[in-house]
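Okay, structure first, notes after.
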């Protein structure tokens, strides 16, 4: 078995396409942002990526039809200021360092074949405390690309994140640089304790500004409010106050 | 060394064959069911599967003759309503995620060469408590296949198992779907605390109904009674009652 | 880098050779036995086996000259009743299941090229308590081979060892069977708590009987006495008696 | 993806070159020594080594430009007594035994292509206590090479280090021996508790003596003093004395 199996249902014809990655990570910020974008543009799934670097597992849909754990690629044409987009989402990243490298390398090769010129990887930057107004930090493959991003509200701060960027969001940048693609990682500040729709919204606001797209954020905002209510109730409980009888069902 | 070595003693000529997998798992339900089936039809072993994804170990038979840890394939022709069967059993699954993928992929490739059209994987669904009348839950590769199975007593319940299906029973489904085979996983409810012949019997009743075979269940039933006696004695001991002086030797 | 690098300094011309394996294991019984044999016949090193399945490490000799961790092959011609021997020794076995399989497979392939017909793997059988007269248990590739070994004092006991044989001593048997070689594992009983020269002596007495060799056991016996003295002192100390002022330096 | 990707920006033409390795390890002695050498000669980076055996991570420079975790090769021509040097530095070694072997093997192959004849690997020898005058211990590929090194102050002591040499500093020696290169490991004594510039200085004094180079050690000496001040303050604190109000910022 090859270590990665890609099942392609359609070969999209794209021009100077932009790839957006949103896989699970800190606060699931990148995943939430990419999935929200996907729900708000007309995107078509064109590829399933299976790999022995994912857990050996199937998930079931509502009809009990089994699907092997995967990553998925969607495309959308002529979005916002006329951009062709490729969007990478999924429930897992590679489980080992080797798996991380193999999968990111595979994605970069697919990007080259699809005519992708630019890659945005979306993620969270865990700061260990609640944050009112999350900044969106950036990392880039070139200084020139940084200058293009700063007017859209991306903060570049020497030494942040101090530990660099781990996983697909980092490796896609590093491999882009080696393969001559422009790439940036957009990291929304997040506590890191919860799935964080507010961090995702911050990232998506910056991304849509870059792409020149309008996206309705109301669903993310409503999820963010729910999370905020739950966390403030937890705080109340911890400080001995009555949290009331409200629904505590949503957590992410 | 190739990662999987298959030693084939005979190349069976099969028609539209059905493959049945019963490897170790939750409550060993699938393994017990497949082995019981094997003991009650005329089946012939035709292949040993060795792999560096199994433990690096030999087991000894009663003559102290060593056999490398393996999975085994049997066939039986013209069973029940005229089905040709292939049965996969063994004492181990692959020890790593990569091993799981490699072995399941290898089985699917062998199935294609053997003319297998349909795969049933057998397993247990651990529910964390004793169960009087175990349901047999199903997962499938297509909705059409589900409709074929429902009349035989397979329960399809959205969201069960919530975590999907891990290991060979899951991957064989996922890989069947990619390779155009029909496949279903039949999962007998089980506490998950014991080797569970009762769960195995439930699964086998459904499978034999699908295949149109009659199988004598008395041995599984007798094992199930033994397990029941032991577990009720354990309960009695826990609640301070005298469990009597009966034999406690059998546990699975 | 290939996963195994073999550096051959001489290609021995052997006839119907017998390979003897003595790598580290329970009580280091097999290693001690093989090394003692090696010290008492005229054997020539002809191959170093290096592998990325060993620890990434060099060891230093008394001149501070570094040698990469390895396994070594020696040969001796016309030993005892005219046997050509190949002896495999080393300080490590493969560190992972995959490494174990790769290395054992590599050895079997080398055996076939060297004209080896029979393999004896030496090991310990840990029984968790001190043993006065260690039995030597056997496991074989065929029933016929068992009959040849029984007159030499090898005990064959159904269900011992219950867990089979793990590591090189087991896999070399399993792979021999697949490749049409005769092989037996000779396991000396040992507590498993200490490096055990007494267990090694038992194994070597059986092996030399099979090969028709005379080997001076005095060094192994003297080591066994030292170990015995130490362990009885430890027992004394545990039971509060004065162990005296003797040297406690040797432990293995 | 190949397991190691080397991006070469320039192919240096070298004569009988000497390779010096200084990767992270005990007390970071080798890394500090190699980096200090690099800062004090005119060296040019000519190769980046990326690998799936490194952590799946990018690091950011002060401009937030991402660089995939790597090892780097520099060269310098006609240094000291006319030597051409190749220097290997980086922030990581391979994360697994297999990775260690693969990377060291790759370096040896590059050395052969670059015309390297001799390799010095730099490291620390952890002795578990503070040391006033660190010795520099040596290990070599041949006795002849040892004789060449002794006049430069390398100490060769049978049985030290008792456990051999683990990682790149060891494997490069072992693989040099197999491939016919001369190599030595120079190990500066160090407590092993701190990043140790003093141990690095000792190693570098020996190495520069061998190469016939003059290197200004003042920066290493100043770092060593800072570490000494901190450690003596920690001692004072532990013994209940007032450590004063000085800056405790530097630790490595």
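Order as written gives the chain letters A, B, C and D; numbering starts at 1 within each chain.
The definition used in the following text is that contacts are C-beta pairs under 8 Å (C-beta built on N, C-alpha and C of every residue); 3 or more make two chains touch, one makes a residue touch a chain.
Please read these numbers as outputs of a predicted model, since none were measured by experiment.
*Asks:* If we look at subunit A and subunit B, which chains touch each of them?
*Replies:* Intersection of subunit A and subunit B contact lists gives nothing.
*Asks:* Since subunit C and subunit D are copies of the same chain sequence, what is the angle of the rotation superposing the Cα atoms of one on the other, rounded to the nearest 5°?
*Replies:* About 90 degrees, rounded to the nearest 5.
*Asks:* Same or different, please, for the subunit B to subunit C contact, judged on whether over half of the interface numbers appear on both copies.
*Replies:* Under half of the interface numbering overlaps between copies: different.
*Asks:* Roughly how many whole angstrom separate the Cα centroids of subunit B and subunit C?
*Replies:* Between these chains, centre-to-centre, one finds 39 Å.
*Asks:* Taking each chain's centre as the mean position of its Cα atoms, how many Å separate subunit A from subunit C?
*Replies:* Between these chains, centre-to-centre, one finds 55 Å.
*Asks:* Which residues belonging to subunit C are in contact with no fewer than two other chains?
*Replies:* none
*Asks:* Of all possible chain pairs, which ones touch?
*Replies:* Every pair of chains in contact is listed here: A-B, A-D, B-C, C-D.
*Asks:* Mind listing the subunit C positions that touch subunit D in their complex?
*Replies:* 1, 3, 5, 7, 50, 52-60, 62-69, 95
*Asks:* Touching residues of subunit C toward subunit B in the complex: what are they?
*Replies:* Residue list for subunit C touching subunit B: 94, 97-98, 100-102, 104-106, 137-143, 146, 156-159, 161, 163-167, 170-171, 173-175, 177-178, 185.
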